[in-house]
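As written, the chains take the letters A, B, C and D, and residue 1 is the first residue of each chain.
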Amino acid sequence: MVNLANPILLIVIPLLFVFLIAFSSAFSKSAAKYLPIIAFGINVVVAMLLVPEVLKNGLVLSTTAGFKPPIAIDMIVDKLALFLVIIASVLGFVVSIYNVAYIDEEPEEKFYALFTLLITGIIWMIITGDLFNLFVAFEVTSIAAFGLVGFHRDKGSVEAGFKYLVMGAIGGSLLLVGIIMLYAATGTLNIIDVAQKSAELTFQQKFLAYALIFVGLGIEGALFPLNAWLPDAHPAAPSSVSSILSGIMTTAAIYAIIRITNIIFDYNQIYLFLMFFALLTLIFGEIAAYYQKDIKRMLAYSTIGQTGLFFFAFTIHSTNGLQGAFLQIINHSVSKSMLFLVVGAMIVQVGSRNIEDFVGLGRKMKVSSFFLAIGMFSLMGMPPFFGFWSKLKIIFAALQHSNALMIGSVVIILLMSVVEGAYFFKLLQMMFFGKAEQDREIKEASFGMLVPVVILGFILLFISFYPTPVLDFAHQAASDLMNKNYINLALKLGGL
Amino acid sequence: MVSTILIAICVPLLAFAIGLTFIMFKLKITARVQRRYGPPIIQPIYNLLKLLLKEDNISHGVIFSLGPIIALAGSILAVFFIPIPGLNLLTGSGDLIALLYIMAIGSLGMALGAGNTANPNASIGISRALTLMFGYDLPLVIIVISVILQYHTTNLADIVAAQANGHWTLWTLPLSAIVGFVVTYGALGEHPFDIITAPHEVATGPMVEYGGKHLGFLMINHMFHIYIEIALFVDLFLGGASNLFWFYIKMFGVFFIMMLCDEVFLRFKIDDAVRFFWKWPTVVALISLIIVLVK
Amino acid sequence: MEKMTQDQVRTIANMLRKRSLWMIHYCTGCGAMELPPTMTSRYDMSRLGLAPFVTSRQADILLITGYLNVKTLRRVITVYEQMLDPKYVIGFGSCALNGGVYWDSYAVIKQLDRYIPADLYIAGCMPRPEAIITAFQDLMDLIDSGKADGYKRYKRDLAYYKENQRKVLG
Amino acid sequence: MNMSLELLLATPFIGGLLTYIGGKVHRWVRNLIAVLFSLATVGEMAMYYNTTFKGVVWGSLFGSNLVLQTNPITWLFLFIVTAISLLVIVFSIDDMKKEEDEIVLDSYYMQLLFVEGAMVGIVLAGDLITFFMFWEIMSWTSYFLIVHGGKKSMAAGYKYIIMSVIGAYAMFIAIAMLYAKTHSLVYSDVALALSQASPSFIIWTVVLLSVGFFVKAAVMPLHTWLPDAHSEAPSPVSPLLSGVLIKMGAYGLFIVFYGLLSVNLAKNIMPSVFSTPILLYIIQWLAALSIVLATFLAIMQEDAKRLLAYSSVSQIGYVVLGLATGTSLGVAGGLFHALNHAIFKGLLFLAVGAVIYRTGTRNMSELGGLVKKMPFTFTALLLGIIALAGVPPLNGFVSKWMIYEALIQKKEVFLLIMAFVGSTGAFLYVYRLIHSLFLGQLPEKYENVKDVPILMQIPIWILALSTIVYGIFPGLAMDVIVKGMKLFGFTPIAYNLFGFPEGTAMGSLTVINIAAVLMTAFVAVFIIFILFPKTRQVSQYDNYASGQELTPDFKYNYSFGFYMSFGRVIKPILSMSIERVYNYWIDAFKIFGDYYMRRIYTGNLETYNSYIVIVVTIAAAAVLLGGKLW
């Protein structure tokens, strides 16, 4: 009996499917459409099977090919990683459903293969226990993303894809150099091992490596000012891809930063340094979003802002702060993915990405608009939606340290929330209460596009009104991370 | 009980009588100042009865007719709250602050009636009346507050009692008393504050469409109005009085000075009137108030 | 009994009315110049209970001070009709009586009481204040004796007045 | 019984959802459900008359219990919320018929009930998280209600929601600071923590909380959203906003100053002016400024609803002024005025709404003379303006009287002067309102206007009668207020059913005597009046115009710029505008932001790559310098 609750399956199965999809046109024209659904369906099941294991042991560790750590390629799934894996799998599953109705452009099977590869890479990045693997996953993800951003092959997408490619490549190289420097200093690539060995190193020895890793990951993780590719790439990509890029890919990169910072560079000064970036990201993301006329660009900038917000929560460097960060990650992933999906469906109907053209849509596309509104409310942190709980937690956590810096940061965050409210409400009231000048032929989104939106919407509503399990889980994950249980448990289980 | 009812009937009649005599004297005083012989002393009674006995009366609607009635009822109500020597019927039911607002009922009734005439002259008149009221209200409240602070009570009867034996507010707070005089004068709407009725500009303002018995009732109301304003001034600043005779003499003294003033002024523009009230009377009243506060 | 009371009331009312006459002077012509001396210290018409008033609703006497032309007649009629009973009209000066110096003008109304009932005329061009005072005193006597019944005539002969008015005003 | 507090909270929300569903069946089903559920809320609310429940835990979040509670003070506000909501819903049935799109109506009723539910939640909240949560829900649900009114209302609603959010976030910081201190935000715990906290901490939290409440209560200088929002909202929504929603700010202030922070504590930690803690004294000044300036602005308005909106700013000033006195009489007066203002401002907005319903305009200079056509509405509005102007014997007088007396007792004379002046100014604008709508000349086009349907009359008349009832029997409200204030440590004030005996204030008041004498005098004068010769009706065109004959096409009315000459007097004051200051900063932010965004996100790959280089350089520099810095 194969133990299905094995983290390795999370990568292996989708990878298999990637190849399957790539060659599927040989046996069926339409199989490529549906294979990702199956792949991520299985992934969701596997992730769910992992839940009891992780809750029991706190961590699931699997090695490959019988090698023992530290040499082996090992996968480590603790609560935090599981958390993100579930999100990634569910988003992958849901967006795959969306793709069926959404993607009508050739070459389809390449799109689906890249799409599957993208999410596989993201999951890989999350669960890997090895720095070099991290780099590989990073590159896999990036390559898939480059291709997907340029998928439409018009001028804008190609330019955006190119910008992304160049910056992503620089990021990848910086990451690699950083990892090499760490390897040079410690002689190992296994995260746990590096963590232990690097404890003996001085701050200066580690910092340059860290800085390079940080910059490398930060480019993918949309930290200001490294995020300049994002506002081009996210809108240019097909909406389903934007949904994944915004919803989970930046998050995965941030996760990697969090993980590495937490276990290797856990210095208070670092957090100050990071907080600076987080706040800058937040400020510039939100303010830039305010000026956008292109709805997807607006959402993309909003993603930057949200990233800044949960990255800030992480830099508070306390259990509460981390809990807030994780809650915000869930909120952002679910809401923003949903928003991109809805907006994608709307763009199909309206035929334009200009906000002005969305006037009066609330009366034409009622269901879509309803979920759009919910998503936006949640992102703004309006009760009773989930964003309120996460924002509440972040602010509470920040003000646990009642020093001037934190209070100033909180003021900035809240001011930026106001800006966020300003552009979301502008859009909302235009959609629901504005009246279009001429009557347009606009129908509700097709059923295939509505289903994923509704699924995500109901997930959001469910966790909004019954947040307790999520709150608890996030709390446990946060306290695990805070207490470095990751290392301790991995050592215990891995027999290192 | 019976005596209470009798007093309740007598008090408005008394106020009416006092107001009527004042109007009588007013015509005569005005004439003498202008070196005229003047109408017979009981001319106001002729005027009033003539108006009431007009054979034809017109109305522009229910509110038009109710206006003078409400005005008069409000004035009668106010009369009960002003202590008259020996007759303090309702001073326990409402104090000076309540009185200030009760006095507004009369104006409100008149304003409603005038508004219903559908005549712009009336509307302008009311607009001016209210603006003027806003103007003199500021110094008025300041002096009222200084008097209240002076005697630590808002009960008018107590204020009067506290001024017994010649300790008039006029002596203790001369500045307030002066402002009080100006404000009372403004409230009576004599020159230079006769902007409301200004016959040459707005054709008697609120009264423009009133004739016959309606106008008669408004005249009665005016008599009450004179009584109320001056009696309030006497109660606040001249120590009320121990008997009706002295009360009347004091009121008449105040009224006489006012009538003399009436003859020597021209007419303000409405905004100038407000500016005037918000300038010197207010400043002087504030000085007086600060004196009370410090003391 | 009732009639007697009514008569008594009317007598008393007339007595009061004659002592309190408020006038509205319709200043159409030069006659208005003679009113200020009448009102002010020299002649002081308030001795008789007379007072100038502003609006038609308040006044008892309508004083047509001078010539009336077609244009102003319309206004005079409106004012007269707006006045409340009992109301009296005094034609002031020759113009109101017979057109005066404008006797051959196409635009001037020659005879006032073809259009509204005049209770009294004051002849002269111009009448002096003494004449005006005398006229008011005469009017008082007329009122006292109940003969100043122009307003009643106007009601009774409304058709006649209206016909004449229509002829002029069209 | 405990369960039913949660039921009370849930009823409007469930009702809202069911209403929406009911709308899919038929519009009368929807209307019926909306009315029934708001009626049910009123019924449940009535069960809690004069009862006190401390702490029904309905959940817990981040280690802090979420608590519902009730006491007579909350009952007072519950009463305002639920009763006005019910009336508004009844009024809406006919008034909103003109909206053709049924789905808009469905969501309209849903939001109406949601706003009610949110406000019930605010009032019932026993801890700050619950409070804040429902506060935010109230903000955005009411935002949707405001935007129902059309194109202009969108800008108004936008301004409203942005200012609300700013205010709410100010509160949020304070709540988070408190949470950091206590880890429990139940009122009693917070109060305990505050009693041991440092003065600066207390002042910061209280100031931040107050800012949130001031935005919602529209205390100057944070009032700028109100005139737009309240005037542009649909007619039935305005009474809810003006009568009820801004009272939540007043309720918040009450809870903060007397629930969380007691007056004695406030006195200990800060200096006192006129025996008022300086913070409260500043609030009093803000309130007094609101009273006067908003009155001035209301006088100059041409739009009936805008006039009422500014009047709301002014009247809420009285509520806050009373609440901030800190004495039993003043606070009782403030609370009572909150009730009274809800009644008469609700009445006025509904009556004006009725006029708009029939005539389609709220521009006062286009209206006039409607008293002949809509006598019932006129009478109701008349009662409303008398109450608003604070003329006895209606309800506005009593509460204002209490506030004045409280200020006199504390010798806060300058505030008292401003309160008085604002009240006199109220005469000006309320007369303007009734004159321009109902008096004056009736334009020819409104010749065929009728009074509004019975379903719109009923709410108006219930409120109109309430002004009389609460005016003559202030004891009815005092029963609740005094009992509730005892729980907050106030010495009870002496009162009776008809007023206040000697000793409560510096004078005494028996409203029924005033009312009785006024009625007697009125009847007596009326009888004398009809004894004299009869009157005859004349048309409005038979009017003094220096002899000019009036015709229907001739506009013979003084209505535009009614107080133009007064405007000249207060011109220096009117030319000041805090809104311009805000707009200046917003514009500055926009220009600045736009300028820099275009220079950062240039779209140029070289620029972007140079950012990476810069960051790496900074990081490297940090390493090099790091040893010295850290």
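What we mean here is this: contacts are C-beta pairs under 8 Å (C-beta built on N, C-alpha and C of every residue); 3 or more make two chains touch, one makes a residue touch a chain.
Note that the structure is a prediction, hence the values are computed from the model and not measured.
**Student:** Is the number of contacting C-beta pairs greater for A-D or for C-D?
**Tutor:** Top pair by contacting C-beta pairs is A-D.
**Student:** Select the chain whose centre, defined as the mean of its C-alpha atoms, is least distant from the mean of all protein C-alpha atoms.
**Tutor:** Going by the distance between chain centres and the overall C-alpha centre, it is D.
**Student:** Relative to chain A, which chain's C-alpha centre is the most remote?
**Tutor:** Between chain A and the rest, the longest centre separation is with C.
**Student:** Per the centroid of Cα atoms for each chain, what is the distance between chain A and chain D, given in Å?
**Tutor:** 43
**Student:** Just how far, in Å, is the C-alpha centre of chain D from the one of chain C?
**Tutor:** The computed centroid separation for chain C versus chain D comes out at 59 Å.
**Student:** Just the number, please: Cα centre separation of chain A and chain B in whole Å.
**Tutor:** Using C-alpha averages as centres, the distance is 78 Å.
**Student:** Using mean CA coordinates as chain centres, what's the gap between chain A and chain C in Å?
**Tutor:** Between these chains, centre-to-centre, one finds 97 Å.
**Student:** Quick check on chain D: which residues sit in contact with 2+ other chains?
**Tutor:** Touching at least two other chains: 542-544, 546.
**Student:** Among the residues of chain A, which ones contact at least 2 other chains?
**Tutor:** Counting only residues that touch two or more other chains, chain A contributes none.
**Student:** Could you list the positions in chain C whose residues touch two or more of the other chains?
**Tutor:** 55, 57
**Student:** Give the pairs of chains that touch; include all such pairs.
**Tutor:** Touch list across chains, by label: A-D, B-C, B-D, C-D.
**Student:** Okay, in this complex, where on chain B does chain D touch?
**Tutor:** 12, 52-63, 65, 68-70, 72-74, 76-77, 80, 90, 92-98, 101-102, 104-105, 107-108, 111-112, 115-121, 123-124, 126-128, 130-131, 133-134, 137-138, 141-142, 145-146, 148-149, 152-155, 203, 208-209, 212-214, 216-217, 269-271, 274-275, 278, 289, 293
**Student:** Can you check the complex and tell me which residues of chain D touch chain B?
**Tutor:** 368-369, 371-372, 375, 378, 382, 386, 389-392, 397, 401, 404-405, 408, 411, 413, 416-417, 420-421, 423-425, 427-428, 431, 434-435, 439-442, 499, 502, 505-511, 513-514, 517-518, 521-522, 524-526, 529, 532-538, 540, 542-546, 556-559, 562-563, 565-566, 568-569
**Student:** Quick one: in the complex, what on chain C touches chain B?
**Tutor:** Its residues touching chain B are 9, 13, 16-17, 19-20, 22, 40-41, 44, 46-49, 53-55, 57-58, 60, 83-86.
**Student:** For the complex, which residues does chain D have touching chain A?
**Tutor:** Chain D reaches chain A through residues 61-62, 101, 103-104, 129, 132-134, 136-137, 139-140, 143-144, 147-148, 151, 153-154, 157-158, 161-162, 165-166, 169, 172-173, 176-177, 179-180, 593-594, 597, 600-601, 603, 605, 607-609, 611-612, 614-616, 619-620, 622-623, 626-627, 630.
**Student:** Please give the residue numbers of chain B that touch chain C in the complex, ascending.
**Tutor:** 27, 31, 34-40, 43, 46-47, 49-50, 53-58, 199, 203-204, 207-212, 215
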